[in-house]
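Below you'll find a set of structures to go through.
In the two complexes below, chain A is the common chain; its partner is chain B in one and chain C in the other.
Let's look at the complex of A and B:
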C-alpha cells in the first residue's frame, strides 16, 4: 500500500515536472524515469498474488519504456539536432496551473465511480486519469513532434497505470499485444520524426538536383 | 482456417521485405490477394471452427467485413501492380509545387500493404475485445508508411496527423477496454472473459456505470478511426496525400474495420439493456457527420478531399442506420457494402485522373470524357452510384435507412438528413460534371506560369502522363486495362446490388441487424 502510493506520488511529480519543463533532453529523461517507476507497479500492486505474469509485465515495461524508448528518442533528437528551448502554445507556468487543476478534477471524477473493492490503492484511478489528462494536454499544447510523442507516452502510461492497478486480470497475450503495439507506434513515430527533419533541413538541397541535364 | 486467413498475408508481407526482385514481389502481392479472397469465399460455404479458445471466430458481422476487405484488396492489388509499373522510376516531380521527391521503396510499399491486410483480417475474426484493439492499432501502424509513399512534406504532414490522431484515439479505446474489464468484474472477484459471446451472455451482470463510460470511450476511440465527425480531422489529409490505391483501401476497408469494432460494443450494450443509450450516441455522431460532410463537400476544390468528405458523410449514414436499429441496422450493413464498392471505384478513378492531369484541383480538370473516355464515363457512373441515384445499390440502402427513420418516429432526423443529402448531391454534381465535360486543355490559360525549374522534370514523364513541360493532357485514348477494369468491375457490383440483393448476403445482414437491437 505504502510503496504503491509512493510510486503514484512519483508519477504525479514527474507529470508536473514535464508540464513545466522546457528542456527536451530533461523531458525525455523524466518520461524514461516514469516508465521505470511504473514498471514496478505490477509487482507492488499485486504483492500478495505475485505471479510470473506480473514479473514478465514488469520486466517488459522497464526494458521498453525505461531503456528502448529513451535511447530511440535521444537518437531521433540528436540526429535532428533539435535540443533547443521549446516554444509551446501554452506557457510553462500556465501548464503547471492547469496540471494542478487537472489533478483535482481527476480525484473528483474518480470519487463518483464505484471502484472495485480490492485495488491496491485508492489513488490508482485518479493518478491514472491525471496522467491521461497530462498526456493529452502535452500533445495539443506542444509544437515539436518529439514532445508530442512524449505526450503520447505519458497518456499511454496513464492508461497502463489504470490497466495494471484497477483492471488487473487482462490476459498475458493482450498485455504483450498492447506493449508491442505501443513499441511499434513509437518506432514508426520516431522514423517519421527522422523524415520530418530530413525533409525540412534538406528540402533546398533537394531542389538543387533539378539543375542537371 | 482462421489462422490461415491471418497468417498468410502476415508471412507474405514479411517475405515481401526480403524478396530481391520487383516481379517476385508483385506476383506475391496478387497471389496472396487471390489466395486470401479464395479462403474468405470458402468461409461463406463452411463456417470455420473457432480457434484460440473462442478468441478467434467468424460470426455474421465478421464474415461480412472480412469479405468486403478481402474482395476489395484483391481488386486494388491489380490496380497497384499497374500503378507500380508506372511509378517505377523512383524520382518524380511534385505536381503542385514542382520540387523533386522520391517514392518509398517498392518492397516497403508491398510489404506494408500485405501486413495491412493481415491486420484488417485480424480485426474481422477477433472476438476478444483486447485482441480487436491490438488489431485496429496494427492497421494504423501498417498503413502509416503507405500514406508516406510519395516522400514529400505534404504527405509527411498527413502521415504525422494520421499517426498521432489515430494513436491517441485508439489509446482511449484501450482505456475503454480496461473500463470494460472493470465492468466485467464480479462481486466475488471473478471476471468474465472479454470475449464477445461471454459478455453478451452475462451482459445483465456487468456493472452498468463502468460499461457506460467504456462505451463512450470506445465511441471516441474507434470513432476517430472510423472518421465520424467531429473526430474525422485526420481523414481528408490522409486520403488526399496517399496514393489513390491506398486512399481506396483506407476508405473502403479501414473505416469499416473501426465500424466493426463499434458494432461489437453496441452488441454488448444491447445485451446489457443499454441499447437505447448506445443508439442515441450513434444517432448524434451520425447526424453531425452527415452535416460536416455536406458542409465541406460544398465548394471543395480538391477532388480527392471531396471523396474523403464523402466518406465522412457515408460513415455518418452508417452510424445513423445502427442508431435507428432494426431495419435501419440492416440498411446500414447493406450501405457499408455498397459504400465500400463505390468509394473504392471512385478513388481508383481519381488515381487515373491524377496521373493524367497531374493536379488534384477540380477547376483544372476539364473534358475528362474526351481525354479519357472510359475513365470519364466510369467517373460519372461512380458519381451516380455514390450519390444514391437509382438503380445503384446505394439508393436502396439509403432508402432503407431513411424509411427506418420515418417508421421509428425520427421524422426530424430524416428531414435533416434528406436536406443535407440534397446539398451533397448539388455539391458533387457541380464538381463531377465540370470535370467530365468541357474542353480539355482550356484550363491551362488560367494557370500561373511556372518557374523554368519546373519545366524540365528529370524523370521522363509517365506514359499516360504529361508531355514534357506542358500542362496539356494527351488526347489519345490510351487507358491501360489496369486503370479501367478494377473500377468497372466495382461499378457493375454496385449496380447488381441495387437490382438484387443475393439471398445469402441478405441472411447475413439480417443476422447482424438482429444483434444490434431496435424494433425490427
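Let's look at the complex of A and C:
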C-alpha cells in the first residue's frame, strides 16, 4: 500500500516535471523513469496474488518503456539535432499551474466515481486520470514533435496505471497487445520525426500547417 | 498560562543568531576554510547596537519604523511557534494565518522602508522581493493548510506536536512532499542560495541584502536579528513536521533544538553544493514548491 502510494506520487511528480521542463533530453529521461517506476506497479499492486503473469508484464513494461522507447527517442532527437522546446503555446510556469489544476479536477472527479472495493490505492484512479490529462495537454501545447510523442506516452501510462490497478484479471494477451500497439506507434513516430526533419530541416509541427504542395 | 510555554520563545530569542554561525561554519568546512566563530552574529549584533544610526535627509519616519516593525512582527510570530512538546506562548485556532500575516507585515515594512530611501537599487530589490514572495506565500499557506487538514488541528501548537512513526507510515508521501516544499520556501523566504546569495557583493544581484543597504547601527542590528528569528521560525516548522515523538517531553525539546541546527547544517550543505539559480528560472522553482504543496494537499484529501 505505502510503496504503491509512493509510486503514484512519483508518477504525479514526473508529470509535473514534464510540464515544467524545456529540455527534450531531460524530458525523455523523465518519461523513461516514469515507465520504469510504473513497471513495478503491477507487482506491488497485486503483491498478495503474485504470479508469472504480473512478473512478465512488469519485465515487458520496464524493458519497453524504460529502455527501448528512450533509445528510439534519443536517436530521433540526435538525428533531428534539437535540444530544447521552443516557445510552447503555453509557458512552463502556466503549464505547471494548469497541471496542478488538472490534478485537482481529477481528484474531484474520482471522488464522485464509484470505485471497486479491491482497488490497490485510493490515489490510483485520480493519478491515472491526471496522467491522461497531462499527456493530452503536452500533445496540444508543445510544438516539437518529440514532446508530442512524450505526451502520447504519458497518456498511455495513465491508461496503463488505471488498467493495472483496477482490473486485477486482464488477460495477459490484451496487455501485451496494448504494449505492442504503443511500441509500434512510437516506432512509427520516431521514423516520422526523422523523415519530417530530413524533408523540412526542422520538427516544428506548428510550421507544418503552412504546407503547400 | 504555563511558565513552560515561555521555553520555545526564550530558546528562539537566545539561539536564533547561532543558526547563521552554524550555516557559515558548514560552508567553511565545505570550502576548506576555518570559518568565522560560531558566535560571530552575536558579536555583530553587539557591535551594531553600540553604534549610532545615520539617516539620509530624503527618508521619512517609514524608514526608521521599518526595522522596528519588522522586529516586532518577528517577535510576535515567535510567540506563536511551539518547539517539541511545549506549546507556544499564544495559541488559538487558526493562528497559522496570523503567523503568515505577521511574516507578510514584516516583509511589507522592509519593502516600504527600502522604497522610502529613493535609491534605485533598493527599489529593484524591493520589486524582486515582492515578486518572489507573491509566489512563496501561497505555497506557505497551502503547506500550513495541508498540515491543518492532516492533523485535524487549527493551531500551530497542536499542529506541530511531534508526530509518531505510525503517522509517518500512514501519510508518508504527503509529509515528504510538504517537507520538500517547506524547505524551498525556507530557502526563498530567508534569502539563501539558490534564491538569493547572502554573501554577494554586487547590488544588482541581491534581493534581501540590497533592501537593507541604507540601514545602519541599531537598525541594522534589528534587521539582522529579525532575519535570524525568521530563519529559526521556519526551521521550527520543518522540525515540528518531521520530528518523531518520544515519551519524555524534555528529551523531545532537546531533540527539537538539535533538529534546528540540523536544518541549519542542511541549509549550509545546500549553499555549498548548489549555485544560485538565474533570476528568470526562480519563478519556476517557487511555483514548483507551490505545486508540490498543492499535490500534498490534494493527496491528503482522499
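Please note the rule applied: the second predicted complex is superposed on the first by the 200 of 213 C-alpha atoms of A that agree within 3 Å, B and C clash if a C-alpha of one lies under 4 Å from a C-alpha of the other, contacts with A are read in each partner's own complex, and residues count from 1 in each chain.
In this section, a contact is a pair of C-beta atoms (placed from the backbone, for glycine too) under 8 Å apart; a residue touches a chain by one contact, two chains touch by 3 or more.
Source: prediction; values computed, not measured.
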Worksheet item: With chain A superposed, do chain B and chain C clash or fit?
Response: fit
Worksheet item: Given the touch rule stated above, what does A:47 touch, chain B (first), chain C (second), both, or neither?
Response: neither
Worksheet item: Can A:123 be said to touch chain B (first), chain C (second), both, or neither?
Response: second
Item to complete: Name the contact category of A:184: first (chain B only), second (chain C only), both, or neither.
Response: first
Worksheet item: Taking the superposition as given, does A:114 touch the first partner, chain B, the second, chain C, both, or neither?
Response: first
Item to complete: Could you let me know whether more residues of chain A are touched by chain B or by chain C?
Response: B
Item to complete: Return first, second, both or neither, reflecting whether A:71 touches chain B, chain C, both chains, or no partner chain.
Response: neither
Discussion item. For A:194, using the defined touch cut-off, is the partner it touches chain B, chain C, both, or neither? Pick first, second, both or neither.
Written reply: neither
Discussion item. Going by the contact rule set out at the top, does A:89 touch chain B (first), chain C (second), both, or neither?
Written reply: neither
Discussion item. Going by the contact rule set out at the top, does A:9 touch chain B (first), chain C (second), both, or neither?
Written reply: second
Worksheet item: Between chain B and chain C, what is the tightest CA to CA spacing in Å in the combined model?
Response: 20
Worksheet item: Within the complex, which stretch of chain C touches chain A?
Response: 169, 172-173, 176-177, 283-284, 287-288, 290-292, 294-295, 298-299, 301-302
Item to complete: In the complex, go through chain A and note every residue touching chain C.
Response: 2, 5-6, 8-9, 12-13, 16, 20, 92-93, 96-97, 99-100, 103-104, 107, 110-111, 122-123, 126
Worksheet entry | Contacting residues of chain B [partner chain A, same complex] | 99-101, 128, 130-131, 133-134, 137-138, 140-141, 144-145, 148, 151-153, 156, 159-160, 163-164, 167-168, 171, 174-175, 178-179, 181-182, 185, 189, 191, 207, 209-210, 213, 453, 456, 458
Worksheet, complete the sentence: Residue positions on chain A within touch of chain B in the complex are 113-114, 116-118, 132, 136, 139, 145, 148, 152, 155-156, 159, 162-163, 166-167, 169-171, 173-174, 177-178, 180-181, 184-185, 188-189, 192, 195-196, 199-200, 203, 206-207, 209-212
